[in-house]
Structures are given as structure tokens and as C-alpha cells.
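First comes the structure, then the notes that go with it.
Chain naming follows the written order as A, B, C, D, E and F, and within any one chain the residues start at number 1.
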Amino acid sequence: LTPPRHRPVDSRIYPRFAGVRTFMRLPHLRDLEGLDAAAVGIPFDTATSFRPGARFGPEAVRSASALLRPYHPAFGVDVLASISVADYGDLPVAPGDTVGTYRRIEEGLAPLVDAGVFPLVIGGDHSITLAELRALAVRHGPMALVHLDAHTDTWDEYFDQRYFHGTTFKRAAEEGLVEPAASVQAGMRGSLFGASDLEDARALGFEVIPSEQLRALGPDAYARTVRARVGDRPAFLSFDIDFLDPAFAPGTGTPEVAGFSTAEAVALLRSLRGIRLVGCDVVEVAPPYDGPGQPTATAAANVALDLLALRALSK
Amino acid sequence: LTPPRHRPVDSRIYPRFAGVRTFMRLPHLRDLEGLDAAAVGIPFDTATSFRPGARFGPEAVRSASALLRPYHPAFGVDVLASISVADYGDLPVAPGDTVGTYRRIEEGLAPLVDAGVFPLVIGGDHSITLAELRALAVRHGPMALVHLDAHTDTWDEYFDQRYFHGTTFKRAAEEGLVEPAASVQAGMRGSLFGASDLEDARALGFEVIPSEQLRALGPDAYARTVRARVGDRPAFLSFDIDFLDPAFAPGTGTPEVAGFSTAEAVALLRSLRGIRLVGCDVVEVAPPYDGPGQPTATAAANVALDLLALRALSK
Amino acid sequence: LTPPRHRPVDSRIYPRFAGVRTFMRLPHLRDLEGLDAAAVGIPFDTATSFRPGARFGPEAVRSASALLRPYHPAFGVDVLASISVADYGDLPVAPGDTVGTYRRIEEGLAPLVDAGVFPLVIGGDHSITLAELRALAVRHGPMALVHLDAHTDTWDEYFDQRYFHGTTFKRAAEEGLVEPAASVQAGMRGSLFGASDLEDARALGFEVIPSEQLRALGPDAYARTVRARVGDRPAFLSFDIDFLDPAFAPGTGTPEVAGFSTAEAVALLRSLRGIRLVGCDVVEVAPPYDGPGQPTATAAANVALDLLALRALSK
Amino acid sequence: LTPPRHRPVDSRIYPRFAGVRTFMRLPHLRDLEGLDAAAVGIPFDTATSFRPGARFGPEAVRSASALLRPYHPAFGVDVLASISVADYGDLPVAPGDTVGTYRRIEEGLAPLVDAGVFPLVIGGDHSITLAELRALAVRHGPMALVHLDAHTDTWDEYFDQRYFHGTTFKRAAEEGLVEPAASVQAGMRGSLFGASDLEDARALGFEVIPSEQLRALGPDAYARTVRARVGDRPAFLSFDIDFLDPAFAPGTGTPEVAGFSTAEAVALLRSLRGIRLVGCDVVEVAPPYDGPGQPTATAAANVALDLLALRALSK
Amino acid sequence: LTPPRHRPVDSRIYPRFAGVRTFMRLPHLRDLEGLDAAAVGIPFDTATSFRPGARFGPEAVRSASALLRPYHPAFGVDVLASISVADYGDLPVAPGDTVGTYRRIEEGLAPLVDAGVFPLVIGGDHSITLAELRALAVRHGPMALVHLDAHTDTWDEYFDQRYFHGTTFKRAAEEGLVEPAASVQAGMRGSLFGASDLEDARALGFEVIPSEQLRALGPDAYARTVRARVGDRPAFLSFDIDFLDPAFAPGTGTPEVAGFSTAEAVALLRSLRGIRLVGCDVVEVAPPYDGPGQPTATAAANVALDLLALRALSK
Amino acid sequence: LTPPRHRPVDSRIYPRFAGVRTFMRLPHLRDLEGLDAAAVGIPFDTATSFRPGARFGPEAVRSASALLRPYHPAFGVDVLASISVADYGDLPVAPGDTVGTYRRIEEGLAPLVDAGVFPLVIGGDHSITLAELRALAVRHGPMALVHLDAHTDTWDEYFDQRYFHGTTFKRAAEEGLVEPAASVQAGMRGSLFGASDLEDARALGFEVIPSEQLRALGPDAYARTVRARVGDRPAFLSFDIDFLDPAFAPGTGTPEVAGFSTAEAVALLRSLRGIRLVGCDVVEVAPPYDGPGQPTATAAANVALDLLALRALSK
């Protein structure tokens, strides 16, 4: 029996600007039966160090995703015909309470993890990734991290708080949720508090590829580096939208200049075909700082489709 | 047996910024069983004479409606406890084809009219009201029109087209959908092509109250005028957001200065308590022209709640 | 022989959003033959003390004026059928050189003054009014000033410069271009450098009506005050857009809160019917600070139409 | 001996658009010697229920305050010649940690309270007021609260958190920081979760004046009501910028339509002359949602000047 | 006898921010005598599938073109000294009526085609190109199409409508207006409804070069490909602004990420020197979605100048 | 004895969004003792030929610089530990009076030049560079100019004015402030009034590298060219933000498409390590035209940090 394949609202009947905004205008479901993957919003931004607003990230990415179509020409695959995808809605969060929100996220993702439904998480600030990793590690154990970001997010604490959007991957390594030796952080750039900001990430065992080096490598060499470390492990891909240059993604909390274009970013993502993804997120979209044409949300929606396509191709 | 009362997503679990954007975060339903009223989007703006963009009106009003709460303190009523309301989603439309869209709207609204479900329509440009009236007239016959707008929308044609956002109420009168003698148009202002612009509306039988006169009347005298004409007839209230001044509603297609504040507008609306509403719409919200804080969509969402409250109170 | 009456581009053929942006889409003419009035842009903002940008005021007001129609319902007059109006384009200016610009304005306006063509000037910052008054005084002698503004603009100098947007009316009085005893400044408000800011204006002979007092007076009493002072003199009406509250006119250089709504402003203007206007301007529209729906430019365009109507009615 | 009177940077040398942005371009001092009042920023927005961004409120209000001048014509007083004022900078805060921030605010304000320096606090979300009241109550005991806001902020908790921007005044009453019987909350409006939202505030002992009633009262009757309750007590005035209508203050976290104009607001504030203010704040300015001309920050800066003037007049 | 060479308004007298906005501040003429080329606006966006607003494209491009100067350094040619250019204004359109607009465009362009005046059309959505091609084919027969766009625009219909901005080039091929075998479509990218979206274009005979392939080719190889197909045929170049990445052109109706920079785009255009252009357009500029500095309109104006230069060089 | 090293406000106590906005949140000092470098604002835009607004450049760059951290990973240096830097505030300027402002700038910079404090000037329009060069030439004599800009700024005059933002480097050469034979202007592009626009710069002796040529050269060859001309001379680096493409820097007065990305720009700047900088500026940031996320100001702040790093490394 063929599992149900959810399709977006029919654009021949409802134009793409019509209808309640779910991810790609897919059904909004809480029933996981037959689902391969689900878009899940986590509208949380309490753990932001500079510009808040990422709590409206899921809304904005859903809105921009109305333009997405199911066929991915670069991969030659109809993503939604390959895997059954729906919009699971947003998880509960507690604004002002990071630890309380972590508990809610872990509980909220557990049913998806149990059911083997691939979570495509739309953030939210980067603090949420820790709770996502906790939920997935229950099933998958320590995962390989494929991290594209302007920052390593490996500080130890911030204002006496151990859980913040800049401490996520230190905590994830400490908690054994990711295997640094199998992980690659790439795209780092911008001024730092000190040399230790990058060294600390390396000391944890991560491979760190700064932006200039990543640009010099190009997609093929990057993909070889990732594959060499990740191998067959279950992998989690975390895409912080500030990996992109502010020209392409102005709507984010801690922008860093000299970043990547969307053309560069999708070339890097597409080079990863075959990686065994078990989860992913796109985070740090802060709509109040986006331009009138919403380029940041549009970029994030397209990254999300690429991630779904990578999942579809890895099955 | 108590009919089901739909409630918004629980704000104690999902903050108001969370969740898929439906009207007031009510359930998105196509099943009309037990419903008293339904928010219905009609994302159409092909018939706009100046600034288009109202096709994104339903999305913006749904987004802004996340801030609405069910209890209406001015009326002292919990609107959603009084009537059972859901979000019916958007009707199909055909961008570029007004007549084809009218057919889709009439077909789309018919099940609601048949089931006696009160339609709270979110536009869309003002052309859509004609199709709404056609759908409602099947059940209610010629209705009283309570019209708040900067324009009478009683031109005869526009660029050889009889169906346009400026011809709606001439057509409605000609087609016998509204009873001009029972109707009141109020708020008219701004420069005209000629004196006939207002005279034509009066010649059709409408009472026309220009803005200066309306402001001089105040809510009580306005309500008396409306009640005297409407009486017990089934009434349709059409609220064009350009009734408001551009300071309060910049995001609209044909703004006219010297308009009404939201405080003035809600006072007028609330004076109409007891009118027998059978349908209503809030139209001409053009989000691309709204300010960063989205005051226009916020105003429209609040007007929509007032209209639901009027319906709840008229039952 | 009937003089030619210029009409806007025909909106039945060219929608209001079509065509090269001239004022009200009237012909762009340099030939003054048969003209009663001309819209004239003066795109100058060098003499601005806070936010520049008014050099783009003429462009923005022309753009917004596309929405204007020739019939003025409050006065019951087709303005463009009563007087023959065209767009004279912009005068030459020298950015960075106020005195050089004054010379250009005086030379630029001279042909209109000679021909008896009523100038409807679109600024530009308020410094330009001095040069306009110089040009008009050649024909009319000292004029009555009807001034609506948040500021009296009667400082003595600014940064060693005697010609600045805050010194215009001190200079005008000193040069004998206006007759303070026949003049009224109204709408003043906001914090000052000292009590002398208003006293100086009064010492020059102007009647100064602060905003609270003006609001208390209302249109009728204001009009009586103006008429009592102006009498039959040739009058110049200068409308600084910051007379309006920033909610109605955010796009201006030195906004002051607690200002007037457009409804209040047009009521005041319309109360002046019968004043013998020989010139007027609308100044200080700074489009970079306007909202996405351009409420400031829209307000200015409507004020301009009211001024034209006042001229049409005074003939 | 005359105490030092701090003056803004001299606008005849440094134009108002020049210089490091402190409040009114006053000196940035941490030395309290000889100070009567200090502007203090508290850039915190973790406790926001809808739109965050108020952490940038102090920056925006300082920027807009560059337009303020020291002489207050409505009161006829040079505020900065009457009292000695400086900018104390921002207090330390811990984003993501409300309780930790409260501790920092209390410690941060203690030196000002000890020295009898009047704090003019620029927020930040409304949660910070509780910590301000704690700091002031050490010296003044239970204070009279003069509260202008669209909301009573008397909920009991929010997402299991007792300290949130909607619970401030319930906590303040419980902790004995304010005397509800001597307090007036005014301006409330907008939809509610239930009738209890207002009743709870009244049950705590506050007088609650909804917006329609406040508008009907007008400044004089409002002032009488306040004076009758406040008497000679030390009073704290808390001005939530959402007291203003979104047309006047779009840049705020939880806007409610049908609010007050700045003209209405300053008339109300000015009616309070003589109240014995010991502290005040202007909160909930969220700059990412402000318009391009920054009307919200401009309004807040003007409110702040009125509050300083009230303090100057009450000495 | 030398034909008249129209020049922009003299920037030494009228700064570039001054004057009525025509294309490059050239004369607005309807007299074609002696003209080589004319900028023609077609303000139509009824046939838009997602974001409307392109009806304001001609206004925005004219406004941005004020910055253009006549000398093109990359080509080493004074464009306006080589060919005589004017602004022909906008053609009549009928908003809401695509077929009626086509008729108006065909009639409107006929005099230019008859007179051999090269039309530089500023759109408007991409549907208008079909009518342009019809007008030009009367003189030139089937033309070679040089098409730069993110989409092939070769769908068969949309909402029962055969004339839409996504069906233009299927219709053009069917009507024999373009010769697909002599044509190249380049820049295609983004998700699709299915693989057929590109295959259909190829089945019609077009060469389709997706964006990744175009980027790999570079300007020289691209130009060789185009020249090989176009040869000496009369060619029409259609530039959809969404060929550019949303970072460079956010103001468009259906943005696709991973597009081209303006540096890449002008390099591609300039590689085409020598192509025998008989017409061209720049379409899909939707100003409501442009950024505050209007980068999209600025890019379009520069593309337009490059197209004029190509025409000047091909003569 | 170690000179004092000023550090930014401690981000562990005051989050980066907190505190009065000075450059990098460094102390605001007028005492030059022990200082190596000082950020100096010059808020002047009177000499702007198109869009004004650069007077707000210093405020915006200071605001964006709050995100900067002291360690520069590409150079491997803690900039603020290597040199002692403070914010000197803004210099006095006279809006509307370029010559008067030049005098103020020269007097204002003299103490820094005397004390050997490196000025990092934040503009303001490009006219200010002439006065900066005059102040520096008193100590250093004719300097090498390293100029990154879309324009050579070597016109002779503008509207009868010899001092304008487009004449700066012609004047600087004439006055002997720079040594053209030791200077390089790079990044020029965009349409011109004539071929002479570039030829004039070359005739003055400057090496001019247009944008296409600069892109082809790349950082290493560019650096070789600069070093070959500059040698050991004291050098002044002037960075006009319009060197960047409008996608990266929309907030500027005279944008030119096909410019440089921030990644390209910082690579070029970093290639200059070792140049003997004695002064620098970043000019033409016009915040009213920046996007909501302020990418232009963010880019300028990062360029400023790179310039400080170059200075730190050249000591």
C-alpha cells in the first residue's frame, strides 16, 4: 500500500497567495501516521543576545514558503512525491523561560522522534537546537553535526546563563548529543571577543572552517571534508540564517558582513547529497529586520526545501 | 444540547505569537456543522483602480488577529462563547479574472449561506462584495446595506468593465441585492471626478452621509439614522478600511485624508447594536502599504471582532 | 474667448497610476499663456536644521497627487474648470548654496508673477518661502501672511547663517515682504530654546496662536481672527506640513507631537474661503521619513488642492 | 551655592543631529552629586508577551530626544534650568532572565534613590517597573500609582512565570510597593481574555478608568480623580506607550486600537501639575515596529520631557 | 542634416533630484520625428501570479533613472549622442483586463514600430511582452528572443486564462512572433511544479540555460551561444528583473533565490554587443516590495541604459 | 609604563544592545592623553548631489558598531589591546555652509593631529575628506591616497561651488594635500557625464582602477599596485560606502550597481596590511535609505574596524 503523499493546496485552484499559511501550504496535521517528515515551528527568541524577533520566524518562513513548488530541478526530484510531508504547527514555548521551553520542545518533539518522522524545524533563535538534539539523541545517540553559521555558538555562558543562543553547541557536546569528531562547523567570521572563541570550538573536537577558508574550498572540497567526518552516522544539519551575508539575509539577530550568497549556500547544501540526515533546522530568521520583500524569509524557505530534498534523497 | 464552541488556541500554552495563523487562532474548518459564523478570506485585488495588494489582506488580518481576545469589554460579551466561530480559509479566486472570481465566490459562499453560517469576509478589494451579496441574496433577498467607506463605489464602469471595485454598489442596486431605501453609505470624502459621483449614489436611492456630516452627527445620531432606514431587514455591513484616515490605515489602495480614527470608527460600529446582520466584510487592506507595525491589519482585525460581536448580540 | 482649461490626463484612458508624474497629471508647461495657476516645485533642503530630504518633496507630492480629482465636494467646485492650471516643473536650485538658490527662485518665479499666474509652490524646506515672498512682493508689496506651522520660523540666525529654514519669517518681516500686523501664525507647539522663541515672533508684530489655543478656537473663530487681520490685502498662505501631527505627516524634518489631524487641517483651511490669495506653498515634506503608504505626501497633495480651490474661489 | 545645571550640548555649535546620543544630549554621568533627576535606560524585553524589541527603546528614545529643547511653553518653564538633569546611561540587565534583571535594576537604582535623584526610566518592557518600584519603596514606602496604559497589567502569571510584563501591578500591590487605594489606572481598552481582566485590577483596589470613560472625562475631571486619590503621597507615574493609539505609537509590543492621540495624552499629563512625583517611566517602545520617521520614539521622548517638567514643577 | 539629439535636463542647472520624472530626465514627447528610440511605460500588473505592484514599475524606474548619465564607460559611448531618445510616456492600459490591455498596447506601439523607433519598454508584469512582440512582428516577423529571467514563462494557462505573466513565451511561439530555434532563455532556477516546466520550453524549441549552467558558462560562452542562435535576425531582449537575486532586486513579484548579481548581469548584457536589437523590455519591477534605497528600480534603470547602449552600438 | 587601553563596555555586564551608543561602546573622551586612535564623527551632508542623509551616518555607524568585538580573527589581533582607542564624539559642523564646516573640521581635528592621535572619521558626505586632509597635511605633508569608491570625485565644480562631495580629490590634489603619483583610486563604475570624468582624475596623476579591472585584479594584485605607488609614504585611506554594491549598502547618496560585496571589500582592505596609515574615513552612509536591518551601517562599522586593525598592524 502506498503511504499517503500530502500535496500543497492546488495552485490551479488556490493561487499561491491564497489560503492559511502552512509550510508550503501543506496540511496542518498533528496525526503522524504515514508521515515521513514534518515542518515544525519553534517560535522562541528569549535566548537572543542582540536583536530579538525570531519568535516570528516560523510565521515568516511559512508565509514565504507559499512560493515554493514541490519539484527540485537541481536534484531532479519531486520532493513531496518522494516523502510524505505535513506542517505539524508550532511547539509550545514559554517566552522568558529558556529551560522551561527546552522541556516543552523535548516533549513536543518526542512523538515525532518516536514515530520516525523527520523534523524540519523552523526557529526561533539558535538556543532551541539543544532541545532538538536532546529529543533526537534519545533515538539516534550522539549525532554528527553539520553546522553552517557565522558563529560557532560554543561559549560557556552568557549573563550567568548556561543556556543561550551562543552556548548551544558547547552544551550539545558536553551532553553527548553530538559527536564533535564527526562534526563540521563552517562559515565562521566576524570580530570576536578573543582568539579563544574559535579555539574553544576546536578544543571541543569540532572541525571549524572559517568563511574565507570555506569560500576557498568550494562545494566539492567542503562536501569531501564533511563526508570524511560524518560517514554513515546519523547527522543533524543546523542552518543559521546568518551564514548568509546581510545583503541576502538582513533579517537576523547578529548579522556578520562578508557572508555567503544564497547561490553559494545552496551549492554547499546540494553538495551534501547522500548524508544521512535525521533532523535539521533553519534558525535565527528575525522578520522585524527583514526587508519589505522579505528576502530573509524567502531564503530560509528555500533552504528548508533543500533540506527536505536532502532527506528525500537519503532515504 | 450545547453546540460546540470553538476557542482560540490556548494562550496559556501557545503564546499569541505561536501557531499557524488562522483568524483569532481559531480552528481551520471546512465542516460547517454547529458553526454560527466563519471568517472567510477572499484574496482578490484584480479590480483595484490604484494600489493593488489587497490579495494579501486575508493573510495580514489573520496575522494581526492573533492579538485579539474573545471577551469584548465595551459590549460585555465573550464573543466566542456566544457564537461558534471558525476560520473557513480562503475561497478560490482567479487573479486577473473578476467575473470568473465572482462565480467562484458565489459557489464558495453558497454552503455557508445554506447552512445559515454568518460570513465574516476578509478582503480583498471591494469588488468582491458584489459576489458576497449575490450569495446572500439567494437566502435573504434584497438586504439593507450599512456601508462605511470613503467612497460610494457607485460608478457605472471603469475601463469598459462593469465589475470593478468602484462599481460594486451600483451593480448591487441594479441586481436587486440591496435595497437602497433601507441603506446608508457614510464616511464619503475626498476629491471627485464631478458632483455626480455622490449624486449618482443618491439617485440610486442610497442615503449618503459625507464625512464632515457624519463627524457632526456622532454615533448616536448616526445609529438613529441607520435604524430608521434598516429597521428589521436583514442587513449587510461593508467596512472599507479606507473609511479610516491614512494615519490609522495607511495600507489601503485609494487612501483619502481627513478620515476617521479607530476610536471614532468603533464608536460608530458599537452604536449599531441590535441591527440584524446577515453578513459583513472588511475590505481593501493592502499590506504592502502598511507600516512596519501593521496598524492597518490590526485595525481591520479589531473591526472584524466588533462585527462578530454585533452578530453575537443580534442573535 | 474662453481661456484654455487644462485637464488631467483622462482617467478613463490612463488609470491614475499611469503616466509621467506631474501635479495632478496636468500638462507640464513652461508657456504661461492663459494660465491662472501653476504648480511649481522647489527641491531644496540645504537649509534644514534636522532631517534633510525635502528636496524629494516635489517628486513625492506629484506622485501622490495622481489620486486627486478635480471636483472639490466640500466647496462644490470643479477646481480645474474654474481656473486654468498646469505643472511648471521645478525651478533651478543650487544644493549647498541657500543664497544662490534664493537668486534662482526669484528669477524663476518672476515670469509667473509678471504674468499674474498664481504660484502653488511645492517645497522644499521652509527657507524657500523667503525667496517666493521676494518674487511676489515685487508685484504685490507687503503681503498678509497666513502661516500654519508647528514653528514660527522667526529665529535670527543659525550657525552664523541668516538664511535658514528657521529664520524665514524674521527676514520676511525685516525685508518688508509681509505685513506682520496683517498676519497670523498658528499651530505652534513643542519644546523651545526659550520663551523668547514665541515672543520674538510677537515682537515682530505677528499674531501667534499656539496649537492648544488654535484647537480651542476651532475653524470659525480662527477664520474670524484671520479675516480681521488680513482684510482685503493680498495674502500668502504658507503650510508647513509639520503643522500636522507626526501620525498624519511623519515624513518631515522637525516633527512635533500633539499636532493636528488632516481633518482638523482641512477644516481650518476651508474656513478661509474668500481670502485673497496671491501665492502659497506646502513645504517640509521629507519623503525618506514617510511611511510605506506615503501618508505625508498624500496629505500635502490634498492641502495643495485645497489651496488651489481657495484661489479658484477668491477670483 | 547654586547647584550645577547641566545643559544639552549647545545647539548653536553642535546641530541637534550631532553628537553622541544621550537623553536630550545631556552629559552622560555616573556621578550623582548635585543631580536632581537622571534619565536611566533599562533595555530589557524578555518579559514581552507579543512583539519583542523594547530592549532598543532606550537607544531610540535617546535618539529622538535630540529634538527636544529645554523650555516647555505649555508650563512656561525651562525644565533644565529648574532641575539639574543628566543621562545616567543604561542599567545592567540579563536578557533571558527576568528575576536576575530585577536584582540588577534594584541594585542599579539604589544609588539614585539614596541620593534623592529622581529617576526618569526609559524602558524596556513593562516588567521592569516592578523592580523600579522595589527600589523606590525602600525610601518612599507604598506609593500612589498614576498609570496610563491600554492594559492593567494585573494578571497573576504567564507561562508559569510570576514576573512578566502583564503581571507587574499585581505583584506591586502584593509586595506593598504601591497603594492601590491611592492609585489610578487609565486608558484601558481592547479585547480581553475575560471580564475578570479588569475586575481583578479593581479587586486589588485600583481605580480603573477605561479609555472611553477617560475620553469622556477629559483632562480636568481626570486630574480631579487622580488628585483625590493620590493626595500628597509620593507618586510614581508609569506611561506605557501603548496608551497612545497605534497611529501615534505603532512601535510597541501589544498595540490596541482606539487609543489616545499625543495631543490628548499631553493634555492629560499636563493636568497633573502639582502631583508629588518620586519616580516615573516610559515603557514598551519597540523600535523595530516604529515607522521610518520614528513617531513612537518621538512621542516617548516628548512624554519624558513632560514628566521631567512635572517633577520640576512639583519641587 | 543631423537629427535632433535629445539630452537630459542639464544637471549643471537642475540637479539630478530636480524636475518632472521622465526616463533619464529626457523630454516627454509624443512626436516621433527624428527619434531613434523611446522609453515607453506599460503600467500593468493584472496578470501577476503572486505579488502585484508592477503597475508602479514605470514610475519607479523613471525616478531611479534620474541618476543615470549619458556616457557608458564600459562601452566607451555617449548613448544619447549616438541615438536620439525621448520618453514617450505610458501606454493606455485597462487594469483588470489583460486582453483589453493587449489591444491597447498593440495600438499604442504601432506608431513607434511604423516609424522605426526602438521601444525600450518599462513594465509592468511579463504578460505585456506578448503584446509588444505582436506589435513588433508586424514589421520584423518572427524574432529571435534573448530572454534573461528566473522562469521560462511557457506555461499553457493559469486559472483558465491563456494570457498571464507565466504563459507569455508559449503564446509568442504559438503565434509565430518569436523563432524558438533562434532564441535563448537563460537564468532559470527555483522550485517547479514539475520537470515539465523546463521541458515544455525546450519542446517549443527554445534553448534553456538554467542559472547554475549560465554561471558556469560566463559572459563569453553565453554570448557565443546567443550569437550562434540569433545570428543576424532581428532580436528582442526581455529582461525580467527577477533574473537578479532578491538581494539585488527584492522588489519583484515572484523572487527566486540564488540569482545573479548586477555585476554578473551587466557582464552578460555587455557580452551581447553587436546583436541586432529591434526591441526590448525590463519587466516585473514591483516597487512596493523594493527596499528604502530602491535598489530594484536602480538596477532596472541601469539595465535599461545598457539596453539602449546595445541598440546604439548595433546601428 | 603601559598606556591605558580603553575597552568597550563589558559585554558580560552590559549586553551589546545596552548603553549609550559610542563607537564600539568605547569611552567618549575629549582628553587625548594616551590615545592612539579616535573615532570622530562628522555629521555633514550639505555637499551631497543626490540623496542627503549622511549627517546621520555617525549615529548609525555608532549604533551598528555595538556588534563589533575587539579581536580581529583574519589578522589575529585584538585591535583594542594593540592600540588605545576612544570615541571623540562629533566635530562641530554648520549645516548649509560647506566652507564654514571645513574651518570647523580643520580646527576640530588639529588637536588630534598635534597629539599624533589617528583619526578614524565617520562621515558625513565625501566633501569632508578635504578638510580632514588639510588638517593632516599640516603634520604629514602630501599624503598617498588609497581611495575605494564608485566615483573619482574629481569634478571641478558643481552649481558654481568648488567644494562639493564630487570635487574633493581635485581640490586635494590642487592644494597639495595628496600626492596623486603615490595614490590609487579603485572601484569606479557607473554611467558618466563624459569620458573626461575618469580622464580628469588620471590627468591629475591618480591611478584609476575601474571596478571591472579591480575585480579582475583581485586582492593580491591590487595590493601590489597600491604598495608600488604608496611605498613608505604616510597614507590616507578613504572608503566611500558606495564602493559596495547597493545590495550590500543601499543606504548611500549616489548608489551605483555592479559594485563590490563586503566579502570582496574586506579582502581588498586586508590585503593592504603594512601600509603606513595616518588617517582614514568611512563616508556617505545615508541611514534614511538603509534597510530595516541596517546593512549599510553594519558594513561601515566593520570597515571601520578593519581600518583600525590596519593602523594597529602598521605601528
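By our rule, contacts are C-beta pairs under 8 Å (C-beta built on N, C-alpha and C of every residue); 3 or more make two chains touch, one makes a residue touch a chain.
The model shown is predicted, which means the values in this text are computed figures rather than measured ones.
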Counterpart interface for A-F, drawn from D-F, E-F or B-E and sharing over half of its contact pairs: E-F
Same-site or different-site touching of chain A by its copy chain D, using the half cut: same
Greatest separation from chain B - chain, by CA centre: F
Maximum centroid distance from chain D, chain identifier (CA atoms): E
Copies chain E and chain F - rotation angle from C-alpha fit, nearest 5 degrees: 120
Centre distance in Å when chain C and chain E are each reduced to the mean of their C-alpha atoms: 40
Intercentroid distance (Cα basis), chain C paired with chain A, Å: 55
Distance from chain D to chain C - Cα centre to Cα centre, in angstrom: 38
Sequence positions of chain E contacting 2 or more other chains: 15, 17, 49, 51, 55-56, 94-95, 158-159, 245, 247, 261, 288-289, 291-292
Chain contact topology (line, ring, star, complete or other): other
Interchain contacts (touch definition) - all pairs: A-B, A-D, A-E, A-F, B-C, B-D, B-E, C-D, C-E, C-F, D-F, E-F
Sites on chain E touched by chain C in the complex: 13-15, 17-22, 28, 41, 43, 55-56, 58-59, 62-63, 87, 89-90, 92-95, 288, 292
Chain C residues touching chain F - in the complex, by the definition given at the top: 45-49, 51-53, 55-56, 94-98, 100, 158-161, 164, 288-289
Partner chain F, residues of chain E touching it in the complex: 11-12, 15-17, 67-74, 76, 78, 245, 247-248, 261-263, 265-267, 291-293, 295, 298-299, 302, 305
Residue ranges of chain F touching chain E (in the complex, touch as defined): 49-51, 158-159, 189-195, 197-198, 210-212, 215, 245-247, 250-252, 254-255, 257-259, 261, 288-292
